[in-house]
Amino acid sequence: MSSKLKFRLALVLCCVMMMSIFAGCGGEKSDVDDQSIQASGEVIKLGFLGALTGSVANYGIPGKKGMEMAIEEINANGGILRHQVEGVYDDNKGDNSEISAIARKYITRDKVVAMVGDPCTGLTQVAGKIAQENEVVILSAGATSPGVVEIGDYVFRNTLLDKFAAPAVVDWMINDKGWTDFAVITCMDLGYSTGLTPVFEEAIEANGGNIVLEDSINQGETDFTAQVTKLKNAGADVLVFTGYYTEAALIMNEVQKQNFDMVLVGGDGLYGPDLAALGQSAVEEKVIFYCGFSSDQPSDETAAFLEAYRAKYNEEPDMFSAQYYDAVYILKKVMEDANSVDPKVFKNELAKLTDYPGVSGNTTIGPDREPIKSPVCLITIKDGQFAILEKIPVNVE
Amino acid sequence: MGILTLEGVSQEFGGLLALDDVSLDVENEKIFGIIGPNGAGKTTLFNIITGIYTPTSGKVKYQGHQINGVPPYDVARMGIGRTFQNIRLFNKLSVLDNVKVGCHGVTKAGILSALFGLPGERLEEKEITLRSCKLLEMVDLYEKRMEYADNLSYGEQRKLEIARALALKPALLLLDEPAAGMNASEKVSLMTFIKEIRNNENLTILLVEHDMNVVMNICEQIAVLDYGRKIADGPPEQVKNDEKVIQSYLGVEA
Amino acid sequence: MFIEQLVNGLTLGSTYALIALGYTMVYGIIQLINFAHGEIYMFGAFAGLLLVSVFGLNIFVALIGAMVFCMFLGMLIERIAYRPIRGKSSRLSALISAIGVSIFLSTLMALIRGTNTTRYPEIMKIHTYHLGSLDLSSLQIIILVVSALLMVGLQLLIQKTRIGKAMRACSQDLEAASLMGINANRVISYTFAIGSALAAAGGVMVGVYYNAVWPYMGTMAGLKAFAAAVLGGIGSIPGAMIGGLTLGVLEILGVAYLSSSYKDAIAFGILILVLILRPQGIMGKKITKKV
Amino acid sequence: MNIMDALLSQYIDAYYLHIMVLIGINIILALGLNITTGVTGQLSMGHAGFMSIGAYTAAILSIHMGLPFWGSLLGGATAAAGFGFLLGLPTLRLEGDYLAMITIGFAEIIRVFFLNFEPGGKALGLSGIPEHTTFSVVWMIAIVVIVLNVKLLHSRIGRSFYAIRENEIAAEAAGINTTRLKVLSFMVGAFLAGLGGGLYAHYMTYIAPQDFGFMKSIEFLNMVVLGGMGSIPGTILGTVVLTLAPEMLRIVAEYRLLFYGAMLVILMIFRPNGLLGDVRWYDIKKRWFSKEVKTWES
């Protein structure tokens, strides 16, 4: 090919690209104002917020599965108010600008009535703000830190809040177990973890415990030898780890390799089937965490969910799949209660939700629009399965 | 005392003596040639004069100022322009821009005046464009001013390098093998050109060259280097007949 | 505790060194920062996992299997993504191509295996030896010994064999070497093969040692290994070893005695300091500017 | 400007508006990197580090000091330029890949710093930044930046940037203080990165250290190299393509990054100098308006 031909080809290509951009921009902009879904058709859409690739995909993928399953069940049973439901699943990679684009796309292009997610607080804040501006409901299935529902009256979450659960667990550790010397390891690049650590530390101090070692790790690392060697020499009774299950399992593996005994206590971020798969004998009865959802001693709702999930995906559900699943059903319930699929209407019903018996625990939306989930289950691992250790009622006051 | 003097300059590279106690005195507005076999230290000498190397010992004085240890860009700004043995052009810049870059040392517009297009900067830009075009006309490259430098032929590239060096308004011009790779007729026109610019711009020219013909024809004084030492210095006739030179360098002819 | 931490550091460092070797070899010959190298390491780890868990092979056989697999992977990548660009444009284009390969490979593995961390099977009963106050596990000993063997093997290969000589010639001057009758393309191919095999070995050992592999493990490890290669003096093989070990030890000691939350900052801070004080790296040769 | 934004949001839906805002911000950032890496040839792989400095500084100035938007933006950009100066200093002694390593290390250190930075909310990030960046603000600044870029690169300083990239020794022989100009190019690049970061922070209203990781720096580098090193239209085109590509590839869902990676490789194989790297307006004029008839294979 002559250089001239090549050159012209390149130019033409550039032009086509530019055209496609502007064509895209100019295109379907007509019915932005038409927010009401009833007019446009039978299907109502729910947007999924979560990562399907990237380093936090571990939390998005099970969530997506839970959500898909709930939508399938609802559609099989006649939908919501005779509308079929459709989920829209875009991958936000756990990235700020991605979620911001996706939330806007869901609202303006897909015309969703509600969004479910994201598991991370920071990302939920980004999406929450956009949802609030555009008057679309967002129900986060995982954001546990402050600053979410404060955004506005369209923003909700259905998670077990750390500020209720962690103190209850600390109380249990100090008064029931008699542990007094704590080591605390934080996952530095995880907002969940840096938010949870101070909650635990305050509770430990308030209950008269000592913190003998404060340390940190990063997500995605595998080498925790140095931290564990320090832990070994620190003389703590128990290790409080505020991160997610992958790193917890790897820390316990290293503890086992370095030949000493240590119990790891953490938050509901440890609820993932991978904990047992990765840790195996190292986590067996050595890891305890709190959670609103338990596959052991299930309630009737949970039992049905577990069975269906195992049948559909051939794997164990985790907290995220349960919470996304619940979120869809909560949305169904409030839409039916409000007899409307308009977010402006059903958001008021959502704010009044009381004692909803979901698979991830009973949910009530309190007067401050924060969720109250009770009871808290303490869960450990027995024979490679999650086993319930104790149920602690939550003291909301 | 001339425009450039070297006093006992030595340069050592990891135990290897590239230049050994070399002294030179280059008179104003002369064409001064430096010859010597490969590895005699000619280019090293240039690099010392232009500040790329700091000599291990000795002094380099230019217009009475000591310049060894002065960084290369300041040496250039003091009025020493140079070309390189292996051509060093700004290949992906246009011919005109190559010469304009050469004006850098004698202009002073800063970043802010460039961003806001202050009158001083505009005037300066106009001036250097004009001057660069004149220089390009002088080396017959005006027609090709918008070409990329690396699209030029070898001979054109050599000429462009000279034009770029002249853009600096130098008082002393160092030419490193300007005739390398040229055919006979090109060499002839090069010689005329070198003489011309010396006369027109009142330059002193210091050149390193292999081609005896060129050197003997245009140089008014010649220094001969051998293994880093200066073995002869004087007008062409005298050097031609110097015994040491004949032995070590022109030995074949003798 | 200090000695224990030192051993931790050396173990981590030897895996860095193995990855850094590949970086440095490729760089030495074609001056390309092969960003896909971290992903080859990841593929090596997964190949080893497959061989151990599905085919039930002995870990040493699996190690060799993974190395062979990655040899071909490395050569394939070179053939597809780098060779067509070589010599046609600046090194940066090749760098972008390498980044493309890196994104491609990690996404591919994430699609195949999911993004979860996978447990590496235990290959043997771990013994712990008590030497005074020092606890040394058999696993640590194996990793140190295997990496030492591989590095010595590489040195012999480079110094003694025909292909090694060709590689050294190419790293001096690729053009001159091809004029001397060395098939530069083939030498570059072999370089990728050897470098990739070493990365695979690193991957399998990391898997065995930390019991965990995941598709994005290559990015940070690759970055650290690049840092190690530069620290040691990029292009220098002994430099990569020393750089890797130094970086591993510094990182672990940083966590142990300074602040673990600043772990990466400490490692990179020291790297920057070393480079400012000794711009050519620990083992690199100082190059005089040629004019 | 408010009127213009109001009008735009009437006619263009929020999703497209969002993408165009991102393109505008990315153009500012990529043009900054283009000066450092594309024009001056100093490989910087830590551009996101400068961006984060600008973003955090501007956000904190807005939230805690109550500075007006323009003041915060300028503050963020200046802070980034200051760090650019600091990072430019090592270039006195380092070049090529050692420099690349330093910039990577620098960006990582900055990221870790913000992970430990209490006023920045640590890993949770900084939220509640007032939303000031709108389409018209971004594009007004972007256009000013583009115009100033053109002016700069055609000036005495810009020419010497190119000269340093092409041949450092010859540049010195032409009287260019290469050290000073390299540091300057780092500062200009960092200034624009900081500016883009400030705009980003005031657009997203939430920033976290994870937003400015290594891969973000790589994204900007991709834009510059893909578009064509040192070419302003090239960089703009590269930015547009690489900002749109992930959005357009959304249809292939989780295979998206697979395509993205493959696209980088393929584009580099077929256009090794970038999309517009070796295209000049002068050549276009010559080719398209020349009267002489050329055969295809000439």
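By letter and in written order, the chains are A, B, C and D; residue numbering begins at 1 in each of them.
By our rule, a residue touches a chain if its C-beta (ideal position, glycine included) is under 8 Å from a C-beta of that chain, and two chains touch if they have at least 3 such contacts.
Keep in mind that this is a model prediction, so the values were computed, not measured.
Q: Touching chain A and chain C alike: which chains?
A: Looking at chain C and chain A together, the chains touching each of them are D.
Q: Kindly work out which chain lies most centrally, taking the average of its C-alpha atoms as its position.
A: D
Q: What chain is the most remote from chain B, judged by the mean position of CA atoms in each chain?
A: Chain centre farthest from chain B's centre: A.
Q: Provide the C-alpha centroid distance between chain B and chain C, rounded to the nearest whole angstrom.
A: Here the centre of chain C sits 48 Å away from the centre of chain B.
Q: Between chain B and chain D, what is the separation of their C-alpha centroids in Å?
A: The separation of the two C-alpha centroids amounts to 40 Å.
Q: Where the CA atoms of chain A average out and where those of chain B average out, how many Å apart are those spots?
A: 71
Q: Would you kindly tell me how far, in whole Å, the mean C-alpha position of chain D lies from that of chain A?
A: 33
Q: Tell me, which residues of chain C touch at least two other chains?
A: 107, 261, 263-264, 289, 291, in rising order.
Q: Can you list the chain D residues in contact with two or more other chains?
A: In chain D, residues 112, 115-116, 169, 254, 257 touch at least two other chains, as defined above.
Q: Check each residue of chain A and list the ones that touch at least two other chains.
A: Where chain A meets two or more other chains at a single residue, that happens at 53, 188.
Q: With touch defined as at the start, can you tell me which chain A residues reach chain D in the complex?
A: 2, 4-5, 7, 10-11, 14, 17-18, 21, 24-25, 28-29, 32, 52-53, 89-91, 94-98, 100-101, 104-105, 107-109, 121-122, 125-126, 129-130, 134, 145, 147, 187-191, 193-195
Q: Chain D touches which residues of chain C in the complex?
A: 27, 31, 33, 80-81, 84-85, 88-90, 92-97, 99-108, 111, 219, 223, 226-227, 230, 234, 261-265, 268-269, 271-272, 275-276, 279-281, 289, 291
Q: So in the complex, which bits of chain A are touching chain C?
A: Against chain C, the touching part of chain A is residues 53-55, 57-58, 61, 186, 188, 215-218, 220-223, 225-227, 229-230, 233, 246, 249-250, 253-254, 257-259, 274, 277-278, 280.
Q: Sort out for me which residues of chain C touch chain A in the complex.
A: 1, 4-5, 8-9, 11-12, 107, 110, 114-119, 126, 128, 135, 137, 139, 206, 210-212, 214, 216-217, 220, 251-253, 255-256, 260-261, 263-264
Q: Which positions of chain D touch chain A when the two form their complex?
A: Within the complex, chain D touches chain A at residues 10-20, 22, 112, 115-116, 122-125, 127-128, 200, 204-211, 237, 240-241, 244, 246-247, 250, 253-254, 256-257, 271, 275-276, 279, 284, 287, 294, 296-298.
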